[in-house]
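The same subunit A turns up in both complexes below, where it pairs with subunit B and then with subunit C.
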Partner chain A sequence: MSTLTEKIREAAQKVLAEGLAEVVLGYTQGSLPYRNRVTAVNTPEETSRLIWPSFGVLNPANVLHKLKGKKVALISPGCVSRAVVVLCQEGQVKRDEVYLLGVPCPGMLDPSKVRDLGKKILRVEDDFKEKVLVVTSEGEKIVAREELLRQNCLECRHPTPPVYDELLEGEARKPSPSPYQKVEEIEAREVSARWQWFQEAVVSRCIRCYACRNACPLCYCPTCFVDDSRPQWVGKTRDPVDTALYHLVRAYHLAGRCVDCGSCEAACPMDIPLRLLTKKLEKEALSAFSFESGLDPEAPLLLTTFREEDPEDFMITQELKALGKI
Partner chain B sequence: MYYILKREDLRPWLEAINREYTLFVPRTRDGFGPYEGELYLEGKTRLSAKEFFLPWREPLLVYEARPGALPKVVEGPAEQRVVFGVRPCDARGVILIEKVFSPDPFWQKRREATSLIGLVCEEPGTECFCWAMGVNPFSGEGLDLVLVPHEEVYLVKVITEAGKKLLSLSRAAEGGEEAFLSREKEFKAKFPVSPALEKLREKDLMTIYEAPFWEELALPCLNCGACTFLCPTCYCFDVQDEVVGSEGVRVRLPEACMFELYSRHASGHNPRRSPMARFRNRFMHKFKYFLDEYGEPLCVGCGRCNEECPANINLWDVVRAMSEV
Partner chain C sequence: MSWEPKIIAFLCNWCSYAGADLAGVSRLRYPPSIRVVRVPCSSRVSPAMILDALKSGADGVLVSGCHPGDCHYLTGNLYARRRFYLLKKLLEFVGLDPERVQFAWVSASEGDVFAKVVTEVTDRIKALGPNTKFRKVLRVEGKS
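Let's turn to the complex of A and B:
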């Protein structure tokens, strides 16, 4: 058993026994060797179900809305803590209604990368440091952890939670030195090639199941714009125009808010690289406003803040000014 | 009638079919498409063959958007198609959906215009359990031909006249009955039907409906549509009016019972407002309502839901709970 799992169980027991929370949200083993499941634990006895996962790809903060009225503790690596912070900033969750059991995160593995290692995956043993042993129907493979990590973990700038009530001991991954490499690869292309990428990689393959939206801990509108029927803003079929609109609006709704937990991409049954859209907006927020989301529950939100020195070079009037037209 | 087709004769056969008909094949892991050389045979596709019969946009009628104008019913699709590489579970899914859709003229037209060539799996996939749901992949149910990969050849069973005609375009030779039947016998002996089905038949509907396990099992569910859209037996739909200017089209499209909007009434009332109620409905439909109505579960054991569910909801956790409550 990994020591992090032991620490989590111990901490969860204490939290429940001392009444610091009524429920602990974390992960448990899934039905496949490369899947983990979000679980809610209500008693100290049940904490034996909790694990520190290799494949904790969904953000448990997403379940908070189902537990309204209860004080909830969350097993929180960086991205879980940051999602809760944004929810606090946006008035969805009160800071004193959640207990953040911080975990310095070694990064999670990508289920698709592991699944592709053999016909049938029988067992996965992760040392949470360097190596992963994958037992497949064809034999055993030892793979460097780095090669199997999720893309958002490879690009993570905050593996250690910035906000917590208690931080478990452990070794986090080092913050990524090049978080925007994949975004820059797309940015380097011509406009038409970027549009083509969006159409081929995202729009044409989407089946409109909304797993990306539903998995997002920060998508909480009581009625999503795609579900409005009076008026209906977006067509409901897989027509490319409607699908493109859905993805663009979904991404823009996360501008200055997304914490890059990667739940959207992990949830997608078609493996669409959805994160690139929100990652691009994250990069914009950082380069234009030196802003990173989810770091301080008391800090103002990016989109509700105005500073005189904010750059305005994206405004049409700026262009006209530069041309001497106004 | 049984035949043997050499593996190297598969491609030339597909080319021959493609010259006479519009041929669709599994092109990538994503799903089926027109045959252009690409062929994915390593396992089942993510999107099932139901897409041929319940497309993502089925125009039903067209109309002029002005008072008094009468709508015109759309002539359904009539193009003759052949689909190769349909897994027996998917074909069985078509049969199950047909129990509900058989009176629908659009469904009928698509069925009449489509021949299905089945391909039995080399071995069960990680999450496969067709046998547990009573599917016999060797039966050829819902198919015109069924192919079984066997050593260096495909064993072929002819199911319909249309299938026989298609096979005549190949270099297949008569024979292989014994091998086919022994493979079928072997499969049946190794893979039994799940005893849970019998228990579900006998269980009182309300006992399952009101059982306490639903809340716990539904907790991680995202209520997205991944399972329903990938499922080869989920057939729920929505009807929408698409109006541009004065021209309107009424279309039918796949919809998911997991969505709040699906069960929301015009009044605003929603009988399945809670995420748990929608989760429960999906499984009750598959393993109780449909089972009671038609004698069979609305599941073919393809395992796509178990494999792709973002929240790792496992169908067997639910079926077990339902059958043992």
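Let's turn to the complex of A and C:
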């Protein structure tokens, strides 16, 4: 049985040779054993550089806009396919300008979890099923894959791409049975403890480098609201209120759009658990509006549609009515 | 003198602003806590505007529009309802006192409802006290 890497190379070669796309966006090995790169491959010969990555933590859909005008094939696990679907829904990409080479995704590893296993990491061998062999300067370790997976892969609801042009053979992870456990842990706290968490885990540590925004395939506004100067929504210093405002509006702008690919968290130099904010909105969209992002390029977006029976008991007038006060 | 909160009220031009007007001409009593910003439709109000009001020193924000079915632009308020729902959930999640941000439907004929809503919102915000969490005060880096 051939490996995912072999299947990807073969499929990429075919795609280029048959002219189904001019460029294949996929992953190659990076400079460290726990780094992989997003790479564009233009010729059938170059496809031998492609791999199925253990650490493909940045979403290749993020560079699609740089390849405008070319037909691009993307190596697409669930979250990449879904990001492209959202870009299609938003008119950023035309469905027939991309070729989705779907991969039933076994999940990816968290570089920081692997990095911590030894002083120097020399080699990582991933069977993409159960075990990872990590060779460090101190010796070898065999670790269960589940322990090294990224948080968003542990919480992933769609490891198999919902939309694709071709689906490679393979076995995907099972959709997570408890995608919102971490969110629920925060929800269960008191208001003041939640504020404390937000301040300590997110706001006070953020250096506002905006790497999270830049890494996100769905943050493509030519002028981000943080760069507006009239009105200036966000001040230029590291004032905690400005930083909090940035995080709230960033997450909010991704409501019903975020596909939980984890690029933002992977890019953050401060290891801030940013996804909790977008995950919370994902959870609300699912429970209140039965909505999930990136499943159907023809469907409307969460906030460009409504239902008559959308919840409104959160509104003060409805509350007062229920109490018989108005 | 007792502390009176400052509440920024974004009122849609076609219903709630007229409702506030009616409360005024009917000489209904309500606390002098609101500062009105007239907006074309409740869907004109973005989360950044609400957060900016708090950041700039407001103790609370009230957004009020037409009842479902009455929006001058037919369905602006129904889009807005979804957005506000999500915003409220997000603010709750990060522990910003959820009562500080309120949403209402008030029609042009509901002067009495408008007065009651403002009274209720003011009472709730009074109970919370001034907004200290999300108010920007100028600081020098390194000093608090």
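One rule holds for everything that comes next: the second predicted complex is superposed on the first by the 322 of 326 C-alpha atoms of A that agree within 3 Å, B and C clash if a C-alpha of one lies under 4 Å from a C-alpha of the other, contacts with A are read in each partner's own complex, and residues count from 1 in each chain.
Convention: a residue touches a chain if its C-beta (ideal position, glycine included) is under 8 Å from a C-beta of that chain, and two chains touch if they have at least 3 such contacts.
The model shown is predicted, which means the values in this text are computed figures rather than measured ones.
By the touch criterion stated above, A:A193 is placed in contact with subunit C alone, subunit B being left untouched. Counting the residues of subunit A touched by each of subunit B and subunit C gives the higher count for C.
Within the superposed three-chain model, A:G235 lies in touch with subunit B and with subunit C [touch as defined at top]. When the two complexes are overlaid on their common chain A, residue A:R205 makes contact with subunit B while staying clear of subunit C. Legend: residue contacts after superposition of the two complexes on their common chain; A:L320 is shown touching subunit C, with no touch to subunit B.
In the superposition on chain A, contact is made by A:A215 with subunit B only, not with subunit C. For the contact definition in use here, the residues of subunit A common to its subunit B contact set and its subunit C contact set are 235, 237-239.
Subunit B contributes residues 30, 46-47, 56-57, 126-127, 219-220, 222-226, 228-230, 238, 240, 242, 251, 253, 255-256, 259-261, 264, 275, 306-308, 310-312, 314, 316-317 to its touches with subunit A in the complex. The touching residues of subunit C, counted against subunit A in their complex, run 47-48, 51-52, 55, 62, 68, 75, 78-79, 81-98, 102-106, 112-113, 116-117, 120-121, 133-136, 139, 141.
Residue ranges of subunit A in contact with subunit B, taken from their complex: 30-32, 35-40, 58, 62-63, 66, 120-121, 205, 207-211, 213-215, 227, 229, 232, 235-239, 266-270.
Residues of subunit A that touch subunit C in their complex: 183, 186-187, 189, 191-198, 225, 231, 233, 235, 237-239, 241-242, 244-245, 248-249, 251-252, 255, 277, 280-281, 284-285, 288-289, 302-304, 306, 308, 310-312, 314-318, 320, 325-326.
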